[in-house]
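Each chain carries a letter (A, B, C and D) given by its place in the written order, and its residues are counted from 1.
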Amino acid sequence: MTGGAWLPVSVVLSSFLTGIFIFFLREDQLVLRSFLNLSGTVLKLGLCILLLWGVAQGFVFTFRLPLGAGLDLVLFADPLALQFVLLSAGLWLVTTVYAIAYMEGSPERSRFFGYFSLCVTATTGIALAGNLLTFVIFYEFLTLATYPLVVHTGTKEALRAGRTYLIYTIGGGMLLFIGAVWLHGLIGTVSFGPVPALAGTDLPRGVLIAIFWLMAGGLAVKAAMVPVHGWLPTAMVAPAPVSALLHAVAVVKAGVFGLFRLVYDVYGIDLARAPEMTGVLAVVAAVTIVYGSLRALRESDIKKRLAYSTVSQLSYIALGIAVGGPLATVGALAHLVHQGLMKITLFFCAGRLAETHGIHKVHELAGIGRRMPVTMTAFTIAALGMMGLPPVAGFISKWYLAMGGLQTGDDWVLLVLIASSVLNAAYFLPPLYVAWFSRPAAGAEPQARPMPGWVDWGLLVPPVITASLALAAGAVAALPISPLAWAEVIVALRYFPVTEPAP
Amino acid sequence: MTSFALLLVPAAPLLAALVAAVVPAHRAVAAAVGAVPAIVIALIAPDRSIEVPWLLLGAELGTDDVRRPILLLAGVLWLLAAVYARTYHRHDPRSRSLFVFFNLTMAGNVGLIVAFDAVTFYLFFILMNLAAYGMIRHVGNAEAGRAGRVYITLVIIGEAFILPALWLGASGAESLALADVRAAIAEHPSRGMIAGLLFLGFGIKAGALPLHVWLPLAHPVAPTPASAVLSGSMIKAGLLAWLVFLPLAEASLPAWGLAWIILGLAAALFGAAVGIVQDRPKVILAYSSISQMGLMTVAVGLALAAPAALPQAASAAILAAVLYAVHHGFAKGALFLGTGVADHAGGSARRWALVLMALPALALAGLPPTTGLAAKTALKQAAEVAAPAWLPWLEPLLAVAAVGTTLVMARFLVAVARHAPTADHAGGGLWFPWSVAIATAMLLAWLPVAAPGQLIPAALTPAALISATWPVAVGAALAVIVLRMCRRRTVALPFRVPPGDILALEEPVIRRLVSAGRAPLRRLSVVDRSMDVAAHFLLVRARAMEVSVGRLEKRMTAWPIIVGAFGALLLTIAIFTHFG
Amino acid sequence: MVASTAWVAIAVAVPLLAALASLWQGRWTALIVAVLAIPGSLLANVGVVWTVFELGVHRHPVGGWGAPLGIDLHVDGLAAAFLALLALIAAVITVHMLVDPDMRALSPRRRSLFWSLWYLVWGALAAMFVSGDAFNIYVTLELATLAGVILVSFGHGTTALFASMRYLLLGTFGALSYVLGVALLYGDTGTLDLALMAERIGSGAAPVVAAGLVTVGLAVKAALVPLHVWLPPAHASAPAGVSAILSALVVKAGFYLMVRFWFGPFVQLDGATWTVLGILGAVGVVWGSLCAIRQERLKLLIAYSTVAQVGYLFLLFPLVAGGAHAAAWSGAHYLALSHAAAKAAAFLAAGNILTSQGDDRLSMIARAARHHHLSLLAFGLAGATLMGLPPSGGFLAKWLLVTAAVDTGQWWWAAVLIAGGILAAIYVYRVVRLAYVTSPAEPPGSTGPPRPPGLLPVPMVAILAALALALLSVVLGFASAMPLRLLEIGMPAVVPPEPEPGR
Amino acid sequence: MDQADVFILAGMALFAVSMYSLAVQRHLVRKVLAINIMGGGCFLVLIAVARRAPGDVADPVPHAMVLTGIVVAVSVTAFALILARRIRAGTGRTELPEDASEQT
């Protein structure tokens, strides 16, 4: 059955038009701006849910815009696209609430929210991209739309971070671009879907490997894999909502999402699973996992620590994709959502701590558990999830990754996961300890800054929601609506005939 | 109904934790109520499991012969500890957080007992371990801080051993049900490694020998009710884990069984030896727990070594382990609660307390007609069936351990007696739960112990009675002699064994390792910085290039050069067009 | 809409009539002329495009005279596309200049002269695009150059005079070189009609020398390195609108005619020259970008960027010679069109800043960048095309060009395209970052700085004009099917001869 | 080599010579003159080409072209001279500065 082509387009446009409107608002039009923002996000989420419903009913939504010369811009909604688009739309909603509160009283808010919406537009476009060209277009668009947010504060440090960000991402974008064009020249339009684009083609192996590494290299930049991860910790100078949504969810996820499309939809796992391709990718991912954790250990700045944690955690997803096999891939795709929920909670909490009490370093957390029990509970849940402890979502992904590693005979994955879990504990437990058990030195108690009540609530509710979702995603992972179940659907499509994935 | 009740077993303490956090006024009642479903299920539930398909990856809860006694033990101990804590923490300004942790730990403890699948088991195990940190750390002084640090480090290390074992098992089983996992481990090509991982991982909780260091640190600093459940119930989780994960009846691993037995015996003797030279009552009890857990480890080893062809051998050993666990749990719980009472009692009340305290102490030593007799008999029976070849050296060593236990108990009683009370009125709030605890240790503990019919007759044979009594007698006699000697002149030991014994040796090494690791860790950031340096270098080069670009561009604006370039280009194109 | 060959005559006549009408010195002349000319021109161009789609390649004999003495207007897809874009861009620039305070400050006499010359440039370009006659091309080219030179001299100060002089001398030099070549061609073929010339051209020395003269003459007009030195000062010192049209279309005229000649009369000549042109283009890309990077003045930076961007266009020749016909043809011309829109936008934006601040040094702009944020946004959007990043027409064009390079195995041209993109990113970045600089005087967190003294207001219409052109360059990235189809109408089917050794 | 060829070569030589002048003469009026002579060279070539037409009558098209070319050349010269005067008036210079992007 064919559904309307308008639906995928309106999912993308709902945030785009919002963003454009917001650009032209005056600074003091707080209510109108917030209304536009929120209605845009709610509309987008509603449309996404409608899309989800439609796809569940068996409709196929495809939007095709011929660009001429045999190039098409295609937006479509397959289960994988839905997973990502729902994640970004849902988190955009909570982040918008958070950001409205967070940015209260700071300059250039119209610009901020304008670009914020554009970023989500790009992310949605990446999610719904139906072919490689469309993916590349939105992938690059994301780079451009994010830069203004990274440098938003306008300080020297922010501008330097912005420069670093651009150097890395534009460099990566170029690699992806070359790879995509090369492949396009060889086999024509590269459509995404359960049937790999390269299936049945007969290209020289050397060319295949070269293209794979051009594209994977480009994607690895946004996925912050070692050694091209340097932009991510630097970009943490951005305001907290930006770090939360973009550097923990949208931008970095775009990279790993692309890796999945590359391995499964472009190459096909049978072709891609070779020592020269996914084999090396898996090793790089493993190195990144451990490296990120080790670096996080040394950071005393909370946001920096979280950033390196992101570097590490993202490569879980890359690792799952690279290891291949149904179970590891399920784990990877589930982690796509799980990590997003957990990391956004952590950044929300970090931002709230910084805003309300001026806390930026780990040691400054002393005694905050008693003052802000709800925030710190959310933080704790997410942190425990990051360590992979049940019943938080992170446990589920880790479990599946391990099962997947064993399934394909890559037993070394267990060692990586264990090393990472221990290191995660080593860098997440100290902040928890300090927050809950330490008592601040006399006179050094964190002082609450006065702020309007709605701001306070606006900073509190989003992390509570996301933490609850992270908890729920793990605790009821067996339900058919969980990210895990959805990941199983996606993977089952790729491994046709449907093999019942063992838990 | 049953399924609902089974769900309540972990759910009730979780709700109690919520109550403790939100309405602190009812925290103690909530905690006590939280333990009730566990007791009820342990007493009434038939052997039945229920599926909870929506939980985690699909959970299964239930009880069976192995779990029910341990569940009963856990339920009762937590209930008593909750009642006890109500008074004990009456004036504690931070009792709210203690009760939150208390209830969470309880949820973990009872939850893991009823878990029938690996993930749920792991969930509750981790919950118990992490929440217990809050209780250990509760006092907040430096000693508690150190104990907490050691504890949490070992928990994390333990997790690093447990998870791969679970993964290997579950992957082989393609199922999460513990029965399947166990069967898969039995068949697994690297089942030896899995057994080793399980020993290390759960051995930390069970206080197995090289991993026991946290116990003597944690027990004295934890609040008394917490110590009681810690030693009485929680460390049994490690034992239960062995029982449910190891392929005890399915496969025979004699080599691993022997290792288990040797390590268990070593722990039994070592714990007793170190316990004797300690002087703080709760430290002595902690070492006693290590020693007793060693005996249970021996039982697990016997089950592991039992020939696969002889399933009744394995079940005898399992039975022994369970009985020992129940017996020890009740008795140790009572003893720990007793330290708190003695600490708060003066005058005649104190004398009564000491007398009452002797009851569970004797039970631990195994004096007939306490549960200790039954437990020890069961252990010996298991040894006879499962590993007759090893019996000749096993039996004397067990006897030595029994002597040691008696001595440790004697040392404990003396230490309690010498310990000056910090308050002189305990009140009913402590006395009541404690006396109930003693009663349960002496009476209720028989309930699970007596259930297997043939055990009591076997324990009441004269031979069994004698072999159970003489170590106690010897131990008592030795204790009296030593006491006498000490009364005449102070005996100064030539050495002191600090609580946590080998930890004192390990800590400097670890500290050195950590500080040695810091430098390479710092060097790691060079990877990040090298990219920056490269970029900077490029920028400098680019600046230099910019200057020369500017110079050249300026030169190109000179007219002779423009016209020259024009001519040269004209020539080039003409030549290429002509000669190509 | 009626398909008629007369539309093209109207399209050419409207600006020329406007040039005449502008000579009348009335207070409202400029406005009235613009109100009449813009819709007229746009309508006529819609007609032209329509006619090309309906009738394909066609000729319109003006006044019914016909060749050889009469003037034939020759329309194919390429001409129609350039014509239409010219109308669109010129219309927006006209609007911009109507409100430009600098223009309004002129004396009535100079103003009417200015407008007349402006429409003359427009009309000359339009006539040139549809001219199929070598000498008419000379006349229109000279007309456009001369009018352009005079317009440049309207710029501020003696710099504009010097620049204008240099432009005039070199432009005439190039035109004379061209006319000498045409003379030799006429001697060889006895015709001025490009199509007839192509049929009759011989193989002696005269065509070879003529090819050299025509090519080099046009290379001066196209500012092909090393003959580009007249361009930066001229484009940088002219009034904003003039810079815009010069960089957007007048420079392209040189390239356009080069295409007309090398795919027309010279197509039989040896193919090695095609590679030489490509190499010159590549040198231009690198050199222009490097020069742009080191500029401290915004308009000079944009001007050097034009030098670089024109270089890309010349990659058309080696790519076609290598066998990638359609992709290279569409790509190069689409790049020309997208760049035209983007460059016009960039110059208008720069003009707005210059108007407001009286200074276009980057260091000065940084001080008040917040007040130029819409102008800088326009520049940034245009920059996306210059970099070849999506969403922009430049991206699509580069995709096609890289496809052509990869398809024919000519990797080095792809490398030039990528390197050019990276260099462009650097110079665009140097400007765009200014928008985010927080001036040191302003504490972070304050709600915007006070307006710096001496900052003049810029009419909103002028800002919107720049934005509109920038959006046009973006829209070209999506609404590309129609223009690409248009470009293919009448695309020369001939593939030039492979270079033969020893000829 | 017929007469026309001689004229053609002469025209091209004029073109080359004026190119040289354009390169080395610094005075603006001399540069303008160089351009004019260059145009003259081109016209000479055109006239020569016109002679080549078959039949006795010279080809009228090049003549028309030369006429148009002269018109263009005159307007260019006129404007160039105006510019030169304005430059002189503005800066007192009669030459172009070496650095094209020089600011004044």
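Keep in mind that, in the parts below, contacts are C-beta pairs under 8 Å (C-beta built on N, C-alpha and C of every residue); 3 or more make two chains touch, one makes a residue touch a chain.
Everything quoted here is computed from the prediction, not taken from an experiment.
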Can you figure out the chain closest to the middle, judged by Cα centres? A
Count the C-beta contact pairs for C-D and for B-D, then tell me which is higher. C-D
Chain C to chain D: how many Å between their CA centres? 26
Let me have the rounded angstrom distance from the C-alpha centre of chain A over to the C-alpha centre of chain D, please. 66
In whole angstrom, how far does the Cα centroid of chain B sit from the Cα centroid of chain D? 100
Rounded to the nearest Å, the gap between Cα centres of chain A and chain B is 37
Taking each residue of chain B in turn, which ones touch at least two of the other chains? 557, 562, 566
Among chain D residues, those touching two or more other chains are 19, 22, 96, 100-101
Per-residue overlap in chain A, given as positions that touch at least 2 other chains: none
Take each protein chain as a node, join two nodes whenever their chains touch, and name the resulting shape: line, ring, star, complete or other. other
Here the pairs of chains that touch are A-B, A-C, B-C, B-D, C-D
Touching residues (chain side chain B, partner chain C) in the complex: 542, 545-546, 549-550, 553, 556-557, 561-562, 565-566, 569-574, 576-580
The residues of chain A that touch chain C in their complex are 23, 27, 65-69, 71, 73, 105-108, 111, 133, 136-138, 140-141, 143-144, 147-148, 151-155, 158-159, 162-163, 166, 170-171, 173-174, 177-178, 181-182, 184-185
Residue positions on chain C within touch of chain A in the complex are 326-327, 330, 370, 373, 377, 380, 384, 387, 389-391, 395-396, 399-400, 402-403, 406-407, 414, 418, 421-422, 425, 429, 432-433, 435-438, 444-448, 477-478, 480-485
Within their complex, chain C touches chain B through residues 170, 173, 177, 205, 208-209, 211-213, 215-216, 219-220, 226-227, 229, 266, 269-273, 276, 280, 287, 290-291, 293-294, 499-500, 503
Give the list of chain B residues in touch with chain D in this complex. 554, 557-560, 562-564, 566-567
